[in-house]
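Shared chain: chain A. Partners: chain B in the first complex, chain C in the second.
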Partner chain A sequence: MSEVREAAEPVAAGDVPEEKARSLRAETWRQFRRHRLAVVGLAVLTLFTVAVIVGPWLIPFDPYYIDARTANLAPTLTHPMGTDELGRDQLARVLIGGRLTLAVSAAAVLVALIVGVAVGAVAGYAGGFPDNALMRVVDVFYALPGLFIVILLVALIGPTFWTIVIAIAVLSWMNTARLVRSSFLSLKEKEFVEAARTVGVSDARIVLRHILPNAFSPVIVAATLGVANAILIESSLSFLGLGFQPPEATWGGMLSESKSAVISLGQWWRGLFPGLMIFITVLSTNFIGDGLRDALDPRSAGNKGGRA
Partner chain B sequence: MVGPYVVRRMLQAIPLLFGISIIIFLMLQMAPGGPLASGEAQAAITPEKIERLRAHYGLDDPLPIQYLNWLGGLVTGDWGVSYDTGQPVLQVITERLPTTLALTGLAFAVSLLIAIPVGILAATRQYSVFDYASTGLSFAGIATPSFWFGLMLLYLFSFQWDLLPSAGLTDLREDHVGFAAVWDRTTHLIMPVAVLALIATANLARYVRASMLEVLGQDYVRTARGSGLPERTVILQHAGKNASVPVVTIAMLMVPELFLGAVITETIFSIPGMGALFVHSAELRDYPVLLGILVIAAVLVVITNLVADVIYGLLDPRISYE
Partner chain C sequence: MSEGTHASPPLLEVKDLVRHFPVRSSGVVRRTIGQVRAVDGVTFTVHEGSSLGLVGESGCGKSTTGRVITRLLDPTSGSVTFDGRDIATLSQKQMRDVRRDIQIIFQDPYTSLNPRHTVGSIVGAPLEVHDIVPRNEVLTRVQELLERVGLNPEHYNRYPSEFSGGQRQRIGIARALALNPKLIVADEPVSALDVSIQAQVINLMEELKRDLGIAFLFIAHDLAIVRHFCPEIAVMYLGKIVEIGPREWVYDQPHHPYTQALLSAVPDIKQAALGGRRGRIKLEGDVPSPINPPSGCRFRTRCWKAQDICAQEEPPLLQISPGHQAACHFAEPMDQALESAGALGTRGTITSN
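The block that comes next holds the complex of A and B.
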């Protein structure tokens, strides 16, 4: 975003550019590091990811263990996020739930990425009729009422891990497809592609080895922001009671279960912590996406006026 | 001219609507078990009865025939009958639609009323405390899950301070008249509208700010300032007009988002609208109602896109209609 970039500019001004040639990856990392919030976001997200992977083994509570003696406890040192009406430790559930939420979101973005890259590459490289037809399909998917379709697919097919992944992916691939297509349209006319073709490189190899690596920058940004979106969709679905079913925990599901405890019993900790986890994760992901955008394509910063 | 342009854009929307209707229809067919799956599980229903039900609802016809029948019904106003209540779908939906549209409209109005002044102020006072605060809040707003925000509001305003009612649209215990009725309705709507408007407001404020900043840096604005016009006139009339072009487009595209977001808002605050109906029907596999709601939502998406395009053209004379 322009806001953060502009704030970072004074740093840039005092930074004398080195003459030595740098690899694209090193250069991107150098740019990314200037974006302080993005670095914080990356640190937080890394911490959360490690925590949800190893955390459940480290803490002494089982997220599914029901114990009436510890029911409805406000946060204490033993239970930093309190317990629910079944006496389950909320920290344990937040960790195990985060695992599910993050895994679903990552998988959904990955599937969307594969579909989007495939469609965009075919459309952009082939041009003509295939391009037109595929872009009309993209238009149709853009016009689908997103959350309704996710709810419908999951409600009809059943709330399994892969159903939820596919349902989110079905509505998330179009952006990538458009970005990849437009990169391909311009890249396929470039001299290096021409050169590859002249020496007899096959189409498949040109697409995979020569064009695709050059078309990836905007896709990485879109995918990062896609993770934030996927987390919000999965959480909404779980909050509506249509996602993973109890006793399975997800952040959205915990919020859904906490509703009456928070509103009629005032057990604020039941609602505060799972929501805070979603909030911090999405915020961090958005910061990372912005940092990547600025690092990979400095011109795009701040220019958000066009149509999505 | 604008007229033919609008007509042409409307004609372009027709194949789009066809595409959407086919996808929606196929999605429902993909469901394992089909529409009567929940009924088949009940032992009380005999196989003969299922046969009769299948024939009654036209479920034995080939898919293309079913699709055409459904499409024909949509156009002629026969949207089928709810499997759940037996009421006509159109009636079920029109009972709920005004609530959701009112919620959407109010949230839209609120986000415009907040986001536009905030975005303009932030842009004209770039790097001020106000700018940093509003930008920070926008970032936070975009990352806030609406159901969490709603839950926390309920905790504070209903449980802790007992200021606002926690559910529904009106006070069911008491009949209010006159001013009291208006007040009753208002207190019921404050939190749902705030929750629904949050993300749209945060998004819009950022767009308004970015769009203003871009315009304020241009030569003609400096010229206007240099010619001694009051700052107010420069910002609101000269810069504001051009900055509004992209903002209007984004704002229109947010209307369907708000409409879909109403599902969650209605669930948190137990408001009987379209969203609640959709979730309920999804659980029951009430296909005709689901299809009906999806069609309405899709039409809304297409219409707002169309309106956004047309307004864009009206505001920016450089856009050609050819």
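The block that comes next holds the complex of A and C.
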């Protein structure tokens, strides 16, 4: 006994360097900042968001005001993105349309996230029959001819904000469900979950407080990439005439309206600017997603969670 | 050294405990095609404030035993009597009260702490779940506990990743202590740590045992550590206890050939320093599959003493001396065993080192 006791004195208590004592969030942000393109993407997306919120008040044109005198103008200093065949200022429409496009995408991703996380968490944590049943539902949704369902939905209920949000969410929640389920499957076997159980923590609390925070990194990445996907779905809906109806503007809708003007009249500015907005936004969110994935992945982020 | 092992009343009585895991066929209809007999009839007692060491190779069912006792797993059959109450059949809801008294320390300090919770919320969680102290006193209590296990109480808002392995294990111990348990199941608490850190953690647990009167079920594969910590030892092989008794008996007068083989494999510095030579029994072959264990005595496939009777009849735990039992048809003291292993040396070979 005594030979062991002698070695026991140097109890390591205060030897954690102060500068290491930063939170996980700060560490993640530090990792994220190292990803140049992600930072650029975040800056661009922030700029766009601010622009579509305050922009329409700052420019002197009404996006819905029809004026035959200014129809079909190529870009000038007064109309930097030109005008359409009804004489509406394109910049004003791009800004007001961005509001809808971004809002619909964000809402759709949020709905998809909530449904996907709920389904995935229940399936992964419960296992057995509930898991099997829920995953078959996921398979069914994957197998559904997406666009057909959306067309049906929009045709039956009409193209309101929430129909379109639901339509996009219905097409995109399954990825999140699968991701969350697989994270839960491995996390629920971890000893810290067993520890919570021996302490007497309830199942609901284990799921919400102990497992979910650890399962969230892939979900956040998927959600970011989902925003890009949602913008594209909304654009294709509008392009097919199933999105928001005129005179409402969205980027996809403007692109759709510009088809004949670009092709037969050569009015390149009609298609270029809304298309460019979609392109840049999708690219930015993808970069942000990449950056987040690198920052949240414990293998790439220093000693977070892993063995030092 | 010797603490009167039976002076205190029994705290945990495990009787004929069985835990099987079904093996299912893959495919659409998942039929049960076999059972992994992880724990197959285990009986032992842990007395209040004392500790029992459960030793065996990996896969022998010792960790499963620990998990069944803490009801992280449900037993297939058998009884677990804790403080006079059979907890083997309690529902998870009824277990909540019992959980205050039985806590567990895990093997791996890296996976047993939630990487996204601060030390304060890890150690404080038990207090909040069971409303041990008012909300505004949780922090004070957490700091007391951190200090008790030798950590800086000001580090409560740090994350586990900021601590070393030994410190993390201390956090795990603080969490187990939070509820003032009567029994702690320590599932290989030091095997993931460096040897120098192992001693510190063992000493901490020794202090807790002494100062707080906590009983331990100490699960380990390391005979030396168990010897230091536990006045009573049980040796497991393939889901069964093959030898059990006070440490003086099990270590100095082992009677089961498996215990003898294990002990002869422990390097003995004292003996080497004295220039002494000691026989070493080398076991051959692997542990058989617990899905299909050998008939009769489970150790017979690797035993140098095995006779026909060993395949036909399962040896019961027989008393060697008061409190000391071994399950072998040919139980004999160590020196004779070394001799017989050398003489018959077909399955077991004896070498001098």
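The rule is short, and it goes like this: the second predicted complex is superposed on the first by the 276 of 308 C-alpha atoms of A that agree within 3 Å, B and C clash if a C-alpha of one lies under 4 Å from a C-alpha of the other, contacts with A are read in each partner's own complex, and residues count from 1 in each chain.
As a working rule, a residue touches a chain if its C-beta (ideal position, glycine included) is under 8 Å from a C-beta of that chain, and two chains touch if they have at least 3 such contacts.
Quick caveat: nothing in here was measured; it's all calculated off a predicted structure.
Chemist: Thinking of the overlay built on chain A, is A:Leu144 touched by chain B (first), by chain C (second), by both, or by neither?
Modeler: The first partner, chain B, only.
Chemist: Which partner chains sit in contact with A:Leu152 here, chain B, chain C, both or neither? Use first/second/both/neither.
Modeler: A:Leu152: touches chain B, not chain C.
Chemist: Looking at A:Glu194, would you say it contacts chain B, chain C, both, or neither? Reply first, second, both or neither.
Modeler: Second partner only, chain C.
Chemist: For A:Ile263, select first, second, both or neither according to whether it touches chain B, chain C, the two together, or no partner.
Modeler: After superposition on chain A, A:Ile263 lies in contact with chain B alone.
Chemist: Just to be sure I read the superposition right, which of the two partners does A:Ile278 touch: chain B = first, chain C = second, or both, or neither?
Modeler: first
Chemist: More residues of chain A in touch with chain C or with chain B?
Modeler: Comparing touch counts on chain A for chain B and chain C gives B.
Chemist: Where does A:Pro213 make contact in the superposed view: on chain B (first), on chain C (second), on both, or on neither?
Modeler: Only chain C is touched by A:Pro213; chain B is not.
Chemist: Would you sort A:Val40 into first (chain B), second (chain C), both or neither based on which partner it touches?
Modeler: After superposing on A, A:Val40 lies clear of both chain B and chain C.
Chemist: Under the contact rule defined above, give the chain A residues that sit at the interface with chain B and also at the interface with chain C.
Modeler: Common to the two interfaces on chain A: residues 1, 303-308.
Chemist: What part of chain A is in contact with chain B in the complex they form?
Modeler: Counting only chain A, the residues touching chain B are 1-3, 6, 136-137, 139-141, 143-149, 151-153, 155-158, 228, 232, 235-236, 239-242, 252, 255-256, 258-259, 262-264, 266, 268, 271-272, 274-276, 278-280, 282-283, 286-287, 302-308.
Chemist: In the complex, go through chain B and note every residue touching chain A.
Modeler: Per the touch definition, chain B meets chain A at residues 15-16, 19-20, 23-24, 27-28, 30-32, 126-127, 135, 139-140, 142-145, 147-149, 151-152, 154-155, 158-160, 166, 206-207, 210-211, 213-214, 245-246, 249-250, 253, 256, 259-261, 263-264, 267-268, 278-279, 282-283, 285, 290, 293-294, 297-298, 300-302, 305.
Chemist: Spell out the residues on chain A that touch chain C in their complex, using ranges where they run on.
Modeler: It is residues 1, 4-5, 7-8, 11-14, 16, 20-21, 23-24, 190-192, 194-202, 210, 213-214, 298, 303-308 of chain A that touch chain C.
Chemist: In their shared complex, at which residues does chain C touch chain A?
Modeler: Contact set of chain C toward chain A: 1, 67, 70, 72, 95-96, 99-100, 102-104, 106-108, 110-117, 125-126, 129-130, 150-152, 155, 158-159, 161-164, 166-167, 172, 175, 178-179, 196, 199-200, 202-204, 228.
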